[in-house]
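The two complexes that follow have chain A in common; it is paired with chain B in the first and with chain C in the second.
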Partner chain A sequence: MKKILSVLLLSLIAWACTEDETQINDNDSFDRAAMLTNWADNIIIPGYVNYNSKVNVLAEAKSTFTSNPTVENLTTLRVAWLDAYISWQKVSMFDIGKAETLGLRGYTNIYPTNDEEIEQLASSGTYDLELPSTRDAQGFPALDYLLNGTATTDAEIVARFTTEESLSIYLSDITDRLKNHAALVLDDWQNGYRDTFVSNDGSSATSSVNKLINDYMFYYEKHLRAGKIGIPAGVFSNTTLSTNVEAFYKQDASKTLFDAALQASVDFFNGKHFDGNGQGESLKSYLDFLNTITGGEQLSALINNQFDQAKQAASTLDENFYQQVESNNEAMLLTYDELQKNVVLMKVDMFQALNVKVDFVDADGD
Partner chain B sequence: MNPLRAHYFQTTTKAAPLAAFRIFFGLMMFISVVRFWSYGWIDKLYIQPEFFFSYYGFEWVKPLGEWTYLLFVICGLSALAVAVGFKYRIAIITFFLSFTYIELMDKTTYLNHYYFISILSFLLILLPANAYFSWDARKNSNLAHQYIPKWSIDAIKLLLVIVYFYAGLAKLNSDWLIEGMPLRIWLPSKYDLPMLGDLLQKEWVIYSFSWGGALYDLLIPFLLLYKPTRVFAFVLVVIFHVLTRVLFPIGMFPYIMIVSATIFFDARLHEAILNKIAQWFKISLSYFDNGKKLISGAVHKPILVVVIAFFVVQLLLPFRHLTYPGELFWTEQGYRFSWRVMLMEKAGYANFKIVDGKSREQFYVDNTDFLSSFQEKQMATQPDFILEYAHFLRDHFEQQGHENVEVYVESYVALNGRRSQPYIDPNVNLVQQKESLNNKNWILPFNDEIKGL
Partner chain C sequence: MKKSFLYLFFAAFLFTACSDDDENNIPSVEAPTTYTFVRDGNSTVSFSGQTTRIEMGHELLGALSVNDTDNASAELLLEMFRNETADGGDANPYSSADLNASTKSIKSKTAASKDFFSANTSEASQVKADFEAWINAQAEDVFVNKDRAAEAGVSGQIADGSSVRYVNAQGLEYNQLVGKSLIGALMADQALNNYLSIAVLDEADNRTLNNNGTVADGKNYTTMEHKWDEAYGYLYGTSANPADPNATIGDDDSFLNKYIGRVESDDDFAGIAANIFNAFKLGRAAIVAGEYDLRDAQASIIREEVSKVIAIRAVHYLQSGKAALNPNDMGPAFHDLSEGYGFIYSLRFTRMPGTDAPYFTRTEVDGFLEDLMGDGENGLWDVTPETLDEISEAIAAKFNFTVAQAAS
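And now, the complex of A and B:
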């Protein structure tokens, strides 16, 4: 019996060795540490550096405005706000490390913002912005309301900030909070977390690769696809919810913000450096590597092609998503559909190819 | 009974192997419960979710809120009582009921090895596992027997033979043997293992694992049964299961199988083990060596009938998929309870649409509002989950005041490395479909063929 078994095993190994030599991939496995390094050094940290500088400009513009509320200073402040808001779109998806423990996204960009709560908190003068219940009264959407929605004309807005000191203080507090949060996260990445992140290159559910892919997918599905397009277009409700667009008070910024977020998702997928020069190991190159083992279709090309489709559909949209939903919601729904197709390609096909774990539980693959 | 049959059922053998098995089993189960608890899985899997997926016919089995912890306490304590052999019959019945109840609470967590534990503990109810080296036998000498019917030990061996052999049969398909799937996806993702990591990227390693795994499952029961190969087989058992433990997140299962395989050895080994345990606890093992034989008599006839019926079911149940059309891996009709282990890498996505049947107004559901990420993953690839969830959505939105609720799903599934393809007919109103054992004709056909069993 022993003999039979060893003969069987030997012939099996012999057979396996001779099987289709051409397909054998003798190169070393894909270098995840290189991918993590590329993500950290060329995408995430530069993204946070940029975000920090924009938020600092924003904070300065805020100080100038509160000490001297004029229409001109308001205009400058608005530009700084939009600039910072755009730079936020490029780091929002990285809900890992300090950003995760702080709950950064929740305190930075929850919309629709709660204008009544803002007015009430500001006039009361007592508030704890650490409370999760105040998340919809701070961050960029709250600034959107303060800078664009507190009155009908610019002169009236300036007048309010001139006469109501509490409103100025509130503006100041939530802007500084953004600034402090941004500094905390960047500081963490630059002093220690970067190495933790890169060295956690294993394959468990809590490894950096697994976690960030899950974060990326969650962001794409929930915040980009649903938050920016699907929810206002009424995909998840009986009626359209045009007032739920991002930057509702500014109105004509919603497409700019969406475009920035979509481009950031595309760039992350392709491992494109933040400064636009060069490209490194990424989900795309990872998928291409695995393709050499599994054969089959070029999944990365399908995903990139679908990103293009989504961009193309979005290119027809008005700068102002509120207007777009009100006038021709069909175009919004079409954009949603194109974004949705990539959810399937990424969450089903890519997750399977990368063997991404959703959670740590016992499983035997059935 | 004809003489031969009568002879077999009245043969006795040393009781030590079954006693040792009882102790191992009880301890393993106790550790399993403690481990499960310590990971916070009771809260995460059975308390936090607001919706649970039921098995057909067991819709009444639900988690008990905070009382679920008590259920695990009962399960763990009864496992300890089984190990000690304290009020054995009550203990093993309690264990069987509590463990099975836990497994029935949410089929999201279905694992073949949980099912194995359930049916094994059922079988143990019928066996005289407390006849030797148990609290019961120590306290009541009427219960103590040095010899028990041979069939009671063979029954456990038979169950193990079925588990392995059927698992081997299930691997005889083109995906596993020819494509090397799903190991081709799983093994390379273990790149970070010391030493093995780089090997696991290689084609020949993937095929060695898939063919070796199939051969192992098919042959190991017989190598264990056949005395000259037994020790060699046990070494293989240890290597194989340690390897699976390293490669896959399958929890306690490898250890349970390693320990279970000791049942194949002669009583001498178990007597030696029990002797050691007896020495530790300063108990006299010789007390149990009373020479008494427990012989199957007329009183045992009902038990034998149940045991035989149990095995008939075990032999037939894994083949029930033959009564359904379509690809088993795709439809999963008759997939569970059949020792189909590690055969599929399935990923899916299900997007539910709620439609007002009159006004045709519609909206989509955010699954994360109702399901944990683990539940969502399981739901998206299994039709019975999708249907049950659709019915839950109908109830939920009707309660919210929606009328004429119709539920549709747009879903995609990728199986064993193939491109994703549509899974459920998006034009079928799932509200009108009833869960049953009948074929689910609203599952779209699989665009490929997997040959084999």
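And now, the complex of A and C:
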């Protein structure tokens, strides 16, 4: 009797568990090398070429401004800063190779920036920008403060850079550092790393595909969803944190930066070339190759549809996320929710379909 | 075969399985909905001393942080641990006047339970010395060298995502060692091995006095009631509503309460917070009713579950540290493993129900810590995934959870 019961019980359990599973194709003969080639040659390297050229323009505009601080030169410098900041959004997710060993993202875009520390370091004249503790006093957010937040009016900002040599030097140092970092990473891709990356086309945890998919997911979840929207909207705190928006001092650039980042995530998923002409092997084509069906629908279509939902929700947002959080945070939360739905579709369903293990854990914040 | 039929079959099976154990001698003690007990219309619940020590712990942890302070001296930090000057004089190290006015201290109750340390003062003094060594080194090594990059064998700062961690030459964060080890050496040891101990609850004529409802001098509670409440206070002493603490479990301190909350939020262990709280309530009601077997049965539940919380978090941090191991970026792993170090240290203060022993002896705990730090000459800089798995497995094996469950 006992045996029969156990058998019945087991079959009951088995029966209860067979529905709703994403189908996994074990015979994975997808051409991973072709996907890596498309990523490297058509997306990542062109992205870094573009980023380098924008950062070089920024560095030139900085030199013009520091040698001749005028409101006009400040305006030009700000435009170059925003241009470079936008181009950064398109490469931020590629935390692999030299970018990973440098800790590039940490030295480029940690916000909120620490205005007191910037003032203190600049006036002291002695600082080691290699130290992790100075990361929140450099990069684009620190430039945001220097160019937009060091005084109330443009004339006053220019006056500070005219009279305070140490501030000019600091501006110069952190701008040149961005430029040097960008050059190191591009140089590495163009002189060897590209082949290393493409030839590491296996499916182990340290293969290029598995690593970059994880980098992509980590970026999407922590930096796009949480950093740009969720944290300022108060999703992870008891109150909203409006001053934690990206480009807080510029204010009306936060949506532009977010839009660029979201579009870069969409384009990477679809394998779209950086120059906008054509697309190649990608996460989308990989999922389609495996014919991944979730709940009766193509998973790649579900993900792209969800990207559209997120864009639509974001389209209602003010250019200025600080204002948006302060005036109508509900719209931020709705955007967050749409972004979050793709975390589930990608991190659960896509990872499972591609048989990739998530290699990062949720830090518990202490 | 129809589903409904199977369900019926299964249900019938369950009933059969459960019907044997019915005995009619279950004591008729009913626990209140909240931790509320009164005598003559006034509350009999009191644990202000525990609240005070948790608050002292918070001030100490705050001062041990490199980020948020102007880096206190070793002397001041040690005064926060002792609430005394180095030569035993009165000290006022805290920002809170109430804490400064208190004669209580963290140190006096560290590794100080009746069951484990009343006749083992040599080990107790080693434990206190460990804490003082960590606290001292935080000031003398880590604060002093906070503006240099850490390397294998060199203390300093290291990135952990957008955070910065400050580690010793072996990759350990002393403030994490202090915080997580206090959970065992102060909170768990006092609650499990002192106040829930029969030797403490039934000391002298406590039973007679409790049976007769004789209250302590100038108080509204019997001594036995108060001892039980003092155990309660080490878990819930800073709760938003201490009578109904699970409403905010995890948010009310940085010690045991916090990690009961963390374990509760893992689906594998959901319900553990209610088990602990219900056992406290029922045990306290049993004291009021004079039902001492029932009381001790609740103490056993609390000992097992609180011990489990510590073990789960030890394994959890070893596993998240393992997942974070990356030679290019060791900061995240160091942070997790420093927390893990503290929870392993705390295992020595757990209590296996029905015995006089912890789940792991000091020798076993020391062995784990030596393994953790011993894969190379630079401690956590050299630790291997295999070592982290071995320690995790050894810890989980003594409990009814798996490494995978604790890791999630």
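Simple rule for what comes next: the second predicted complex is superposed on the first by the 325 of 366 C-alpha atoms of A that agree within 3 Å, B and C clash if a C-alpha of one lies under 4 Å from a C-alpha of the other, contacts with A are read in each partner's own complex, and residues count from 1 in each chain.
The rule we apply is simple: a contact is a pair of C-beta atoms (placed from the backbone, for glycine too) under 8 Å apart; a residue touches a chain by one contact, two chains touch by 3 or more.
Quick caveat: nothing in here was measured; it's all calculated off a predicted structure.
Novice: State whether chain B or chain C is in contact with more residues of chain A in the superposed arrangement.
Specialist: Of the two chains, more chain A residues are contacted by B.
Novice: When the two structures are overlaid on chain A, which partner does A:S327 contact: first (chain B), second (chain C), both, or neither?
Specialist: Neither chain B nor chain C is touched by A:S327.
Novice: Looking at A:V235, would you say it contacts chain B, chain C, both, or neither? Reply first, second, both or neither.
Specialist: The first partner, chain B, only.
Novice: Applying the touch criterion given at the start, work out whether A:T316 contacts chain B, chain C, both or neither, answering first, second, both or neither.
Specialist: Neither partner.
Novice: Touch test for A:G106: chain B only (first), chain C only (second), both, or neither?
Specialist: A:G106 sits against chain C, while chain B stays out of touch.
Novice: Tell me the contact category for A:S199 with respect to chain B and chain C: first, second, both or neither.
Specialist: neither
Novice: State whether A:L131 touches chain B only (first), chain C only (second), both chains, or neither.
Specialist: second
Novice: Just which bits of chain A does chain B share with chain C as contact spots?
Specialist: 5, 8-9, 12, 15, 222, 359-361, 363-364, 366
Novice: Okay, in this complex, where on chain A does chain C touch?
Specialist: By the definition above, chain A touches chain C via 5, 8-9, 11-12, 15, 100-101, 103, 106, 110, 128, 130-133, 135-136, 222, 359-361, 363-364, 366.
Novice: Show me the residue ranges of chain C that touch chain A in the complex, using the header's touch definition.
Specialist: So the residues of chain C in touch with chain A come to 1, 3, 6-7, 9-10, 13, 146-149, 157-159, 161-162, 164, 254, 262, 320, 323-324, 328-329, 331-332, 339.
Novice: For chain A, which residues are in contact with chain B within the complex?
Specialist: 1-2, 5, 8-9, 12-13, 15-17, 19-20, 23-26, 28-30, 32, 201-203, 207, 222, 226, 230, 234-239, 290, 293-294, 296-297, 340, 343-345, 347-349, 351-355, 357-366
Novice: Mind pulling up the chain B residues that touch chain A in the complex?
Specialist: So the residues of chain B in touch with chain A come to 39, 41, 45, 109-113, 182, 184-186, 188-192, 197-198, 201-204, 207-208, 211-212, 215, 219, 223, 226, 228-229, 232, 248-251, 253, 335-336, 340-349, 351, 356, 361, 363-366, 368, 372-374, 376-377, 412-414, 417-420.
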